[in-house]
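The two complexes that follow have subunit A in common; it is paired with subunit B in the first and with subunit C in the second.
Then we have the complex of A and B:
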């Protein structure tokens, strides 16, 4: 076969593949829109009742009407309630969950966590989460090990909504599960939804063999103000073999550290430390807000790395009058000028 | 502080989510407010310009003009003192800070309690009239 026919054949195949993809996309969109309209049509007669219950203006009849829905209408109402549960809280949400319970939807969702379809398993986890079903915690913890990533993510999301601190340890372990982990941000959000009772689990996770688990634990300690973890954060900053873990510990110390942590962070801005860690520690010193950090940060202004110098200058701005005095003494340095310009633009300086 | 009587008080509600729009409209209407509900930021601004309400409830993420854009326009308009409550799923501190920095009078995060929303609307209007 010569060059031209091969090129023509290849172009035809590419065109056919593109066409097939476009057809699939259109069909998927049409199918989704058709289902949405069908559900809206089924819900329409019941929508005033649904809105009344969601608004907390139900005197009883509206809820009874929703509970009495049968067949396809019942399934459509279940879907509509699942949507609304992500939008309202308080007594109206409890009333909506009561309707779901009377429909048997929560019992079905518990069973669907073991369904062969990962879509059904993920939807079941989501429904149990938005309905805040405490009895679902054990099953959702099992779902954290699911082979499908979307199911694991939905289970983590649901556990965060339910907020039972018993789920914190398995959730942290799931973050670093080999070949079946969880997105770090999602895990952190879920953990923050579990309140102060996860302090022990976070402390243990800071010593987990997997660096992803240690990173998430350190991040949550900082964001959630888990000050009991401070000794462990200091230790991990100094000794952890993973740089990301060390950086996250430094950020956490910047958020929740004590005056003593100026010395800890300052030690890690020294030239013998990895540059990314030095930068994070310089920023954390500014966040910590202690005047004792001025001399360390001022020394960084004339260093060879302009980015580190700029971060140090920004941190000095954050420290207030003491930091500003150190900046004035180094006002000829370009990083200082950049930091001051940025601070002025942000309205920090006038 | 005495809570105001809502009868006839006009409230503009803007949210691209039909569920939220309908339930806020329903809740405030049940309390006696005259509610105009619109599905996007541009419609919100047009409704505000045509007939300024006594209070506006704005979602942040809407097609066209965002709730923050509408809020900015309101604060630059001939009726800059109209109380505005932001109702949004954007829950980060920086989002809330932005809302208040632009001039929001209150910020409610979704999922929200409709009952609490009504109390906040009542209180904002009472303060505005005091």
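Then we have the complex of A and C:
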């Protein structure tokens, strides 16, 4: 049925492949352990100096020692400083950046943004970001379109640390880029580091065709108090085809809205709207803190959805005496009793 | 004797003539498919490693949505307080824990009430997902700060308990976990990251399940990872690595993930509700839910994603006795069959994309049918050898392609794990893993083949499914 040579060949191949993999497995472990020990050994003599500089307790000698590091030790120090810069602020951070500069690491990082290895490109972007190199902004904006996701993420992170508002528009565009795009959460964090100069870009992004970009823009508008975007947020809440975008706009209006927005949010608590959106809007009305919301919220207390009713009751608690009066009028409703019990346990009611 | 065996030999010769090549081809195909999944997983792990090297800590950022951790509990008095405390102390910017006491007859609720000083709320649980069982009450801690909700209900099973938990949940994401599972401190942050990265499209994510047997647990936290002493759970460590960690990562990379384990999954609450929640009558309720979500989204022509995240780990106790393992494998295969049969209408339908065209056919061919063909091979090859219907080289070829290749696949999965995660730091554990990758194929695999077929057969006969009791030996727990 089957000849011995075929069997022998197959068995030998399978056995050899298994053996080879077992060897690779062992070598993987050995290699990692060796690298870890080597790195630790390289950094160990310089660690006290690194700690002294990053703790702001250096008068100069520690920095000089770090600057004088050569060869593999220098590379190890550069890596250690890049890690530390994510945690250190102020003068110690400037001193650490000075060491990097004297090593030529920042110049190399600018060149490494075009390196063939995505890890090198991402690390370079990181280093430029934590060192807050303003000249790197243009190159980092280009890196937002890198084919490797890690590089795009690192570039966005770096741009957030540098905080140049010119990067806001390309950053928002990168979120909705075809394919995976830039992680929305990372983009939002980066944008919040860019200050008030990004309001124009945020307004434009609220009309972007991609819902991820619109979500990020709406969220940042709410968290960062970008009130210039209020008309756009209202429009998106009413018309956006994506429920997540609408919910985010409602939350943003709850954070930064004006008295006029009571009517806007109230309209979206109506029964014709999706239930998750109604709940978000009821909560946003409480956050907005306008007495004009009382009648809308009071009407929700006797609705068929106990969650929506309890959210409305909690919002009324937040509105103060006006809201409390409305709750007293519906005190027989279980959602009201529940909201009052929770508020009492939380110490909101006295 | 020879005359008696001659007709049998004739049948076996005919069978081998007809099936020998297809059976060999099947084993080559199934092992190759695993290898392809491992390679796809490797691409994902490479991204993970690159991300780790570039040290962008984006966990817990501004867009991280709140999570309600749903913990269905039935007679869990021994560990429920430790579990809940561990869950409450997970690193996460905004999460609540919703324990659903599913009609426990022991002191589960009493332990919770005492530990957290619970007070009853006059609150009705919304019926976002319709449930049959009556809710008896809702409780929260008196301190008003601890984000814990305890819901008591009549006993109606794990799925309904989870649905009640989702109804009671207040956050936009819901995490399904087992009451006796242990999550790593960053597990929620990591499994929720795809939702923050892509807030409009991601509807579900799953995390890795690893066996806790052999690990040292202190106050509901893993403090050291080790291999268990008995061989049965040891083999399952290797098996989970191949099937859960690497296999599901591969499917996720391909864009055809159709199974998120009920022991650790995260879902958008609105989509979970829209899909109708877990089916209380399904034995493979986690698999069924994910398929239903795929169906719903595909039919709505929605742009959506279901992802597997290999790094967040939920540690769970795996069976250490034959009886419990048999029950588990019977249940798993029965659930697989019933769910695949229920969703047979999605097969080969282009409107269901990769799920209908690739993932479901794969599950039919290589997950459902595999034990049947493997049993056939196990039985027919020795008989054929004895009756001289095949020669020794063919039998050896069968061994090499069915088992030798399987060992290779397992080793590939182990190598990948060692490269990317290396959770087992001791050399001894690595050695045990290597031995298990071979041992798995001699006895363990054949037993699970039989048990899986038992589960399938029981379903075909319409026998009532009993969940059975997972007898737990307990973790290597130390008091804090």
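Some notes on this structure:
Rule of thumb we're sticking to: the second predicted complex is superposed on the first by the 311 of 350 C-alpha atoms of A that agree within 3 Å, B and C clash if a C-alpha of one lies under 4 Å from a C-alpha of the other, contacts with A are read in each partner's own complex, and residues count from 1 in each chain.
As a working rule, a residue touches a chain if its C-beta (ideal position, glycine included) is under 8 Å from a C-beta of that chain, and two chains touch if they have at least 3 such contacts.
The model shown is predicted, which means the values in this text are computed figures rather than measured ones.
Of the two partner chains placed by superposition, only subunit B is touched by A:92; subunit C is not.
Legend: residue contacts after superposition of the two complexes on their common chain; A:330 is shown touching neither subunit B nor subunit C. In the superposition on chain A, A:177 makes contact with neither subunit B nor subunit C.
Using the contact criterion defined above for the overlaid structures, shared-chain residue A:169 touches neither subunit B nor subunit C, since it reaches no partner. Contacts of A:54 after superposition: subunit B is touched, whereas subunit C is not reached. Contacts of A:67 after superposition on the shared chain: neither subunit B nor subunit C is touched.
By the touch criterion defined above, A:110 reaches neither subunit B nor subunit C.
Taking subunit A as the reference, the larger set of touched residues comes from C, when subunit B and subunit C are compared. In the superposed model, A:83 makes contact with both subunit B and subunit C.
Common to the subunit B and subunit C interfaces on subunit A are residues 83, 86.
Chain contact summary for the complex, subunit B toward subunit A: residues 17, 19-20, 22-24, 26-27, 30, 110-116. If you check the complex, the residues on subunit A that touch subunit C are 1-4, 6-8, 10-11, 14-15, 17-18, 21-22, 24-26, 28-29, 32, 82-83, 86, 118-119, 122-123, 125-126, 148-150, 153-154, 157, 180-181, 183-186, 188-189, 192, 211-212, 215-216, 219-220, 223, 242-245, 248, 275-276, 305-307, 310, 334-335, 337-338, 341-342, 344-347. The touching residues of subunit C, counted against subunit A in their complex, run 16, 20, 47, 50-51, 53-58, 61-64, 119, 121-126, 128, 140-145, 170, 172, 193, 196-201, 269-270, 390-391, 393-394, 396-397, 399-401, 404-405, 407-408, 411-412, 414-415, 418-419, 422, 427, 430, 434. In the complex of the two chains, the subunit A residues touching subunit B come out as 47, 51-52, 54-57, 83-93.
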